[in-house]
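Two complexes follow with subunit A in common, the first pairing it with subunit B and the second with subunit C.
This part shows the complex of A and B:
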């Protein structure tokens, strides 16, 4: 068989992504149809920049879910090696193709004769699985500490801000190296850090519910119990890898990645939340809540936090982008994730070694990383612009 | 200036129309607007928020931003059509021949530049004069705006000055280039009344001295009466009436102007015998304006088939066309018909004492440094405050910023605890019980209505949800359904449609939000409501409606209302007793009649004189206080008011500077904190006199 021409490669790639195109078309059609009823999300579709960003982000989300979750889009297994396919150029036909296998390496083969196309798509799944959740955890920690620091001020604020600055001043890469060094992992420090950091979402949920429903004890008890059971189960599974039901399995490497991302991002979130809180707490509706005898946590979580959501949503999008880059950096240094993992950082690092002779194995994941982060930044820009308009 | 002297009108606006273009539609902001400003003349532009008066100012400057466009008519400045000028020529005019003064002084000053540099920049840029000349002129202008120690002021940064001083600097900056036209957009709204009076005085003086023409944009009719020669009333994007100030005030010929005057409290209005008349309905949104006369749907004289037939044009009222109105029926309406007295309400009987405050003090300790302590300073926010409030009574607390009225409210609410003295609610002491330790009943009994309607509701919660939350906290109702019912009856109580329960605050107007705030305060059946300037941020026609609502609820619920305000017109209208505060002290307390007639405390006297009154029959004694209110961080020794008091010379020795006067009784229930002898007090003349008709 002849190698594919450039046009043929592009055509086949686009065809291979057909489910993603369909999903994107449906998303956009529905969103624009019901635009006026969707609040800020709907307003995003008035903004070309935001729309492009959203399209880029959703492209990778769908690609990741379809490839990693359902096994569509991919042409070959990400770990299978094919003889004679080492470092082949994009569009090379498969030599001695097994029965029923896809006959080409669309974006060529890597140094271990694996399919670059499939690894790039499954790599997206690795990123999409970790980045938003790690960012969400960082937000929970940042919010739970930032609200009281901004609301009470004084000594508490002083101490918490000092700690946040301390963490921010520490070199990130060095921190990662320390966290993943086997000697340190053996001491259990990352696990203990996870144990502490992952406690915050549970505290957050319980306080949120209690402050809202303390006037109706029956409802309060039910919701708090639910939150504690679900939260506790997730906590055991994620932080201690000891899920009694055996459903959640959380490899130690992934835990380290999670902990580092949360640990590094939480202080910045803390500072944003603290600043917003200091601004919003001077509003009359906060005073109104105080004068009807609301507790401080109700004021913080139900009066202040919802009104700080605009800047926080924007920051959340940007921060997923940073986290994606951070994951790339971690993968690049071979920290955390397993060496054969198809995540973009690790793949770029592998491709780097032969960059002067074979460009393509590193190029695909690099481009993927770039487009996702660009999409997130554009989306954040669009959201910011639209949330400022009324 | 090298140009030939020009002696025509300074500004001619002819049939100006301005629209803003949004994604959805074109929004006409100003339609068919005409006004002429002669040299040396001051023209007032009056209207409620959203009527397009600020857009006119922007239109004059040809600065409508990206979305705005002039869609018709012309603006001529000294005979030159502004629309034909090049950007360079416009720049030469802006800030040089036309200067503008805005509401927020701090927003008009560059916080990173010294005052002197900012002032000198203007003539150096426009006239190219040398730095030395510019400095000399800056010094001259700062002296002209009556700021003390001009050299020091020139070296200061904006944040080192008080609000009144900042506004004086903004005025000085506008005068630096000797403009022909000064546009003042609500120049004193952000300032205290006594400071406002001084600024208005200054602007009038400067207008006379420099011969500058002025366009004075304001929502305050009293202020316009004091400053302007002619007035133009705007409603919903159109000028509805234009003429000499005295003519328009005494012989208005447009129903809106009449309705506006009937909705503001002037001396003589009274909550029981002559209540304010509110304008029915709401201000129309720009894209929902009715066919024909814009005021038609709210007008008492509306005639179907005629007023809503076609657009109404300006019609001359008098022969020489000086007084014009946009009303088809102006000749038919009997303008002198007395106001049909709406149901006179019975004066409610004041009940037993509910709240008793004795010798209350609140001191704050201000530490020099949070980390290392540092020298501590004590701010005395409240000093020896004593008063009692009875059931069904309205006690007004009057004072300017920094007088301690907000601190008093905080201590009453339990957000702060007192440093000394007692507060008794039904005989139980609550001064040292913070709100967290108060019983639900006590908390529900003492509630508050806030000042800023745009801030009083949580923007991300529906109106109904916010009221239900208050009901939950106060333990009203057994289940969600009962509380929902109660919430709907509360909406009825404040005269809002029940559908509003599902709305978000941003879908409500200012007055509607304030009603929700009142409903929320009464959720737990409050017996004492502290209303902190509840109507000062609302438009005049809405003020009347909200004030009436408060009075209505008070009558029904027998509430004790503590009405905090600096607006003495409204205080006189609705309060039974008045308490005047200055720098943390109660300087005078008594019934409304006692406080509003002599003998006064010198501060009350100045305050009464400072409030602009929109009534041509009223004559006021002119008292302008020198300087600003001293800082509570650093109060003057002796009597707190001695630095600005004009009666100080009448007190022998330096008693005023050394000793805080004691509270003494002048008449039953009338107390005053002043060293003046009874003899001098008795000789005081009334500040406000209503000329015989």
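This part shows the complex of A and C:
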């Protein structure tokens, strides 16, 4: 068989991504149709920059879920090696193709004769399943600690700020090199860190519910119990890898990556939340709530936090991008994730060794990472512009 | 002002103490010590051998005592090993025990001995920092003027075509981490596959002699990631200044646009970027580690990577002291500079 021409490669790649295009089209059609009822999310579609960013992000989200979750889009298994396909150029037909296999390596083969296209798509899944959740956890920790630090001030603020600055003064890479090693996993430190860090989301949820519904004990008890059961189940599964139902499996190697990313991000979130709280607590509606006799946690969580949501949502998008970069850094230094993992950082690291003669194994994941982070940054920009408008 | 600086110095020392204690604790964990023993001794050591190796070198003692020794508050150990050799914290390898000082820690100016490079830590750090300093210097020479120019041009006419173009450029650079831009640059400018071969894909030769060929790519790689961020901050600050009353007054007086930008707007618009540039240093440190690995430049970053890879305790401690110092000093400078640049703010 003849190798594919550039146009044919592009055409086949686009065709292979068909489910993603359909999903994107449906998302955009629905969002624009119901735009006026969707609040800030709907306003995003008034903003071209935000729309481009959202499209890029959703492209990778759908690609990741379809490729990693359902096994669509990919043309070959990410680990299987094909003889004669080592470092081949994009569009090379498969030599001695097994029955029913996709006849081409669309983006070429890597150093171990694996399909670059499939690895790039499954690599997206590795990022999408860690980055947003790690960022969310970092936000929970940062918010739970930043609100009281900003609201009460004084000694509590002094101690917490010192701790946050302490972590921020650590060069991220040194921290990763110290934390994300097999030796540290062996000592069980990541599990203890996870045990502490992942308590915060549960505390956050319980305090949130309690401060709102403590005047209606029946409702409060029901919601708090629900939060405790679901939170406790996730907590056992994620932090201790001891899910009684056996649904959540969280290997120690993944946990250490997750924990260190949360650990690095939480202090910055803390500082932002603290600053916003100090600003907002001087407003009249906070004074009104205090005069009404609301408890401090009600004021913090139901008066201050909702009014700080604009900058926090923007920072959330930016921070997912930053977390993606951090995960890539970990992969680039070969920390945490297994060397065979198709995640973008590890693949770039593998590919860079042969960069002088073969470009495609490193460039495909590099541009993938670039486009996802760019999408998140553009999305954050669009959100910032739209949230400043009202 | 003096009180403010003194207080900040106090916090700085406290931070450095806490951080080195954390690094010390992490590197002295049993599995890490085992790794150290195996990389220094023999990969196939039995468990008893490992324990004996660590005992002879004083590693199996309480953490606080060892940390005190490193600080220089506790007299250094002297252990007559099971292999008949006398070893001490303050006795350099190969030297005799006679005349060795009792205390040898950071307070006495002794940074320790690197197990990876078999040399004194302060020598290694000095040498490596000089190399990284050169890299940083060129990065700053390229990055700061470029980012300020981009930011000011974008911010002086908000919403114009020029602004859109430059803003898109900045946002692309902030989304390109060093390991992506470095790889792309090597692919375009240094690989035989594309064939331009303008620059070297490795900066190894730059350690002896910096040339345009071997230093352009590393410098560009680091500078580009920071450039976009500083440019965006400058743009925001410039755009804000351009809407100020005194700019309108100047315009109505009939001052030329060029003059308005250069004489009236620029000085006030540069206060915010100054802080941002200073606070970029910790990020540059990260970039340095990645770029030095990517371009095989044996500076501070690559020393850090190698030290961490072999659990070289004293070199890691030295490296963390240096990096904490860099982070905190730049913070201090940015705070003090801010006060000088903006007379409306005072530290007291």
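Methods note: the second predicted complex is superposed on the first by the 390 of 390 C-alpha atoms of A that agree within 3 Å, B and C clash if a C-alpha of one lies under 4 Å from a C-alpha of the other, contacts with A are read in each partner's own complex, and residues count from 1 in each chain.
Simple rule for what comes next: a contact is a pair of C-beta atoms (placed from the backbone, for glycine too) under 8 Å apart; a residue touches a chain by one contact, two chains touch by 3 or more.
On a predicted model such as this, the values are computed, not experimentally measured, just so you know.
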Winner by number of subunit A residues touched, once subunit B and subunit C are compared: C
Touching partner for A:290 - first (subunit B), second (subunit C), both, neither: first
Partner chain(s) touched by A:303 [first = subunit B, second = subunit C, both, neither]: first
First (subunit B), second (subunit C), both or neither touched by A:46: first
Subunit B versus subunit C as contact partner of A:339, first or second or both or neither: neither
Subunit B versus subunit C as contact partner of A:246, first or second or both or neither: neither
Contacts on subunit A seen with subunit B and repeated with subunit C across the two complexes: none
Sites on subunit A touched by subunit B in the complex: 46, 154-155, 158, 215-216, 283-285, 287-295, 302-303, 306-307, 309, 390
Subunit A - residues contacting subunit C, complex: 162, 165-166, 168-174, 177-179, 181, 183-184, 186-187, 189, 321, 325, 328-329, 332-333, 345, 348-349, 351-352, 355-359, 362-363, 366-367, 369-370, 373-374, 376-378, 381
Contacting residues of subunit C [partner subunit A, same complex]: 11, 14-15, 18-19, 23, 26-27, 29-32, 34-35, 171-172, 174-177, 179-180, 182-184, 186-187, 190-194, 201, 282, 285-286, 289-290, 293-294, 301, 304-305, 308-309, 311, 316, 319-320, 323-324, 327-328
Residue ranges of subunit B in contact with subunit A within the complex: 23, 370-371, 413-415, 435-436, 438, 440, 443-444, 447-448, 450-452, 455-461, 470, 472-475, 506, 517, 520, 524
